[in-house]
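See the structures that follow.
Across the two complexes that follow, chain A remains constant while its partner is chain B and subsequently chain C.
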Partner chain A sequence: MKELPQYTEDQRDCLQEIVNVAMGQAGDSLARLLEVFVTLSVPKIQTLSPSEVRVALRSFVDSEYVSAIRQSFHDSKGQDGLRGEALVVYGDSSFKELAELLAYDDEELSEGLEQELLLDISNVLNGACLNGIAEQLGEELVYSPPSILGQHVPVEKLFQQDQMRWEMALSVEINYSLEQRSFNCDLLLLMPDTAIDYLANKLDEILEDD
Partner chain B sequence: MPQISPELLKHSVESLDIGVFILNKDMEVQLWNQFMSTNSGLPSTAVVGKNLLELFPELPQRWFKKKIEGVFILKNRSFTAWKQRPYLFQFNHNRPVTGGVENMYQNCTFIPLKDSAGEVELVCITIQDVTDEGISQKMLEGTMHRLEESSRTDGLTQLLNRSYWELCLARECKRSVRYKSKTSLVMFDLDHFKAINDNYGHLAGDEVLREVSEAIRLTIRDTDIAGRYGGEEFGVVATDTDLVGVKLLAERLRKSIEELDVHYEDQSIPVTVSLGVAEYDESFSSHESLIKLADEALYYSKEHGRNRWASYPLDE
Partner chain C sequence: MAIPLLICDDSNMARKQVKKSLPDGWDVDITYATNGVEGMDAIRNGQAEMMFLDLTMPEMDGYEVLDHVKAEGLKSVIIVISADIQPEARERVMAAGALDFIKKPINKEKLVGVLQKYGLL
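This part shows the complex of A and B:
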């Protein structure tokens, strides 16, 4: 795991600043929607190889079994622009207290409903933090529907190594927790290969404007 | 590039084969396309300007409001998928003949519509009919389930096959150590099965195995796990059962098989079994030790008259 060796110090600072601002906004809008105070960690930005993704996941999820949701995002340029996938990883705690926040508590939390709640909360978290980043970059992101990577499985079982056919990805890692609730989860934004270069150019444009 | 007129654009939205409608912040319908009219039975004139939740009181109101609120606050798309929530609106599907399901399965997307100032005052909701996908997925799941069952089952007797049964036994042994409960085992073998095959033929032998298996199924309790261990050898894992309990089970099995009236081509075939029982102890290295001890008791029964059970340790 490297601290973005591809980027200059200016580029790194600029990106960190953009992400920090976006997280502030995300925290605000999440608090408005969920009506509860949301704490976000300082985002950790680095580059990861596929094998390091697993190590990273294991290091920040303090639970033998996890559930994880993935969601794709891309800007209007599609293949050549800002694109990647967001992974949201939940420790195997109870999701019951989450149900009330998104009004999923009118009926018994069945397996299907728990899945939908996970998908929904992941979509909300991803949107809240990615839209803030995209806005500052002058981009608008499009999201695919989120899908389930694994439910109540060991971290190792979340994906096969050969599912990740890329060399290096820019990774933004954020931890979310909710005030007075035991719930917390980790969000990993991964933007592989060409997105790293694309973002470097984008950061230069912003730095020139300053 | 030729300019597309607003009329043409409106016509396109109208004729899409997905449902499209638009809501404002007060949940009032602003647009309702042909797909929505056809499937809901409510024409756009009856819907536009009205509150959606009043028009469709069966929608999960609190949840729906929160969902829409999220789109407005976060200016972010939101989704529902048929796998978790089969439908938003209770529409009929278009497979009245071959459907086999009640309603149209739907994937829905909630899209924030930004005005020129970047503000979101409207939400567009699209509804995709995914009934076909739902039906094939259900069929696939059914097939997978049957495949899994058949890979665990012995074809002739419909009891668990040896490999899956042993897996269950191993799991129960581990569980009993963890929860300090008792697991016991009955192993048994048909008496003189070779003679049955020789005298009545192999088809008669198969019939005996089938009827014995049915008797086992009827005799054991819901929590017992029966499997075909070998040619004419069977095993029953008795969960949460000590040696005293498993002896009673062995006697019930012996009796119900002895009382069987197996007929093959007008001939009555007498059938008995010899049984051995043992209880798992956490000092054992694995479940295989338990099988070995129950087997020893089984051979003791064979050598001491058959149609009887014996328990390990043998000097009891």
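This part shows the complex of A and C:
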């Protein structure tokens, strides 16, 4: 078994601050979309192996069933650059909160409408977050259009029809509180080991500048 | 005499970025805090005639620090430096007594600009 690449404490701190700034931008976009004030919390960042991802997801989203959106990204350097899949995963209870906030009522919320809502919110979160990260790294990323990976499926099922090849996930656990409500989602950046090394080098460059 | 300056942010990199953005040759005596609780201790110790304050932190966040400073009647010129770019976040910290609000990522131009604006240099 291949050993999981580990980031140093400095690299992790650097990445956390980069994600923090990106999450602030995503939170602002979400606040504008929902017309509420969004309370941000410190995103929890960890690197996980594929088997650890399932366990971490289950405990974080605190829900048997989840819905998830995927979007692939890459830079112009091809195989050796920064690339991977960004996944936004919601627990079913969190998703219901979001639908209520956007004033959808239960009867109205057909599968089609729900897909639209999932794609819209994920686009805002993913777009702002990935753009924010890329900008600070001095990278230009290209994205595929977002698509639905699973809707109301058990966590285990998400990764079953797994066409993605990835060795490590960078898990960014995000908690947004909206006035009296709160919802969690997990942004997972799934990357092959070449991209993980590439990112580590980028972080080192930023740290050397400081 | 050197100005007691507090830099309060949970990220080591963010603290270094603030330090790097300070005006050249500015005579300050810097204290670092990694959350609001440590920040409050430093303020009570007189180590924060001026302070650069992050909002999103563990233990005690920046909003709570502003509330405590006001409630305890402490004197500190507080400039918030945050990734929370919602217009309402700015309004809230200004109402809570902050002098100004700078959006992250910080750089020398932004920081020096704010200090000049208030005649603090």
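To be clear about the criterion, the second predicted complex is superposed on the first by the 167 of 210 C-alpha atoms of A that agree within 3 Å, B and C clash if a C-alpha of one lies under 4 Å from a C-alpha of the other, contacts with A are read in each partner's own complex, and residues count from 1 in each chain.
Just so it is clear, contacts are C-beta pairs under 8 Å (C-beta built on N, C-alpha and C of every residue); 3 or more make two chains touch, one makes a residue touch a chain.
From a predicted model like this one, the values you see are computed outputs, not experimental measurements.
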Q: Mind working out whether A:24 is in touch with chain B, chain C, both or neither, as first, second, both or neither?
A: second
Q.
So in the superposed three-chain picture, is A:120 touching just chain B, just chain C, both, or none of them (first/second/both/neither)?
A. first
Q.
According to the stated criteria, A:102 is in contact with first (chain B), second (chain C), both, or neither; which is it?
A. first
Q) Is A:33 contacted by the first partner chain B, the second partner chain C, both or neither? A) first
Q: With the two complexes superposed on chain A, say which partner A:205 touches: chain B (first), chain C (second), both, or neither.
A: neither
(Q) Contact-wise, after the overlay, does A:13 reach chain B, chain C, both or neither (first, second, both, neither)? (A) second
Q.
Contacts for A:143 in the overlay, against chain B (first) and chain C (second): which applies, first, second, both or neither?
A. first
Q) Across the complex, what residues on chain A touch chain B? A) 29-30, 32-33, 102-104, 106, 112-113, 115-116, 119-120, 123-124, 127-128, 131, 142-143, 145-147
Q. Taking the complex as given, what residues does chain A use to touch chain C?
A. 10, 13-14, 16-17, 20-25, 27-28, 31, 37-38, 40-42, 136, 206-207, 210
**Q.** Interfacial residue positions of chain C with respect to chain A in the complex
**A.** 10-14, 16-17, 20, 55-58, 82-86, 88-89, 104-105
Q: Provide the residue numbers of chain B that touch chain A in the complex, in ascending order.
A: 60, 62-63, 65-67, 69-70, 73-81, 83-85, 107, 109
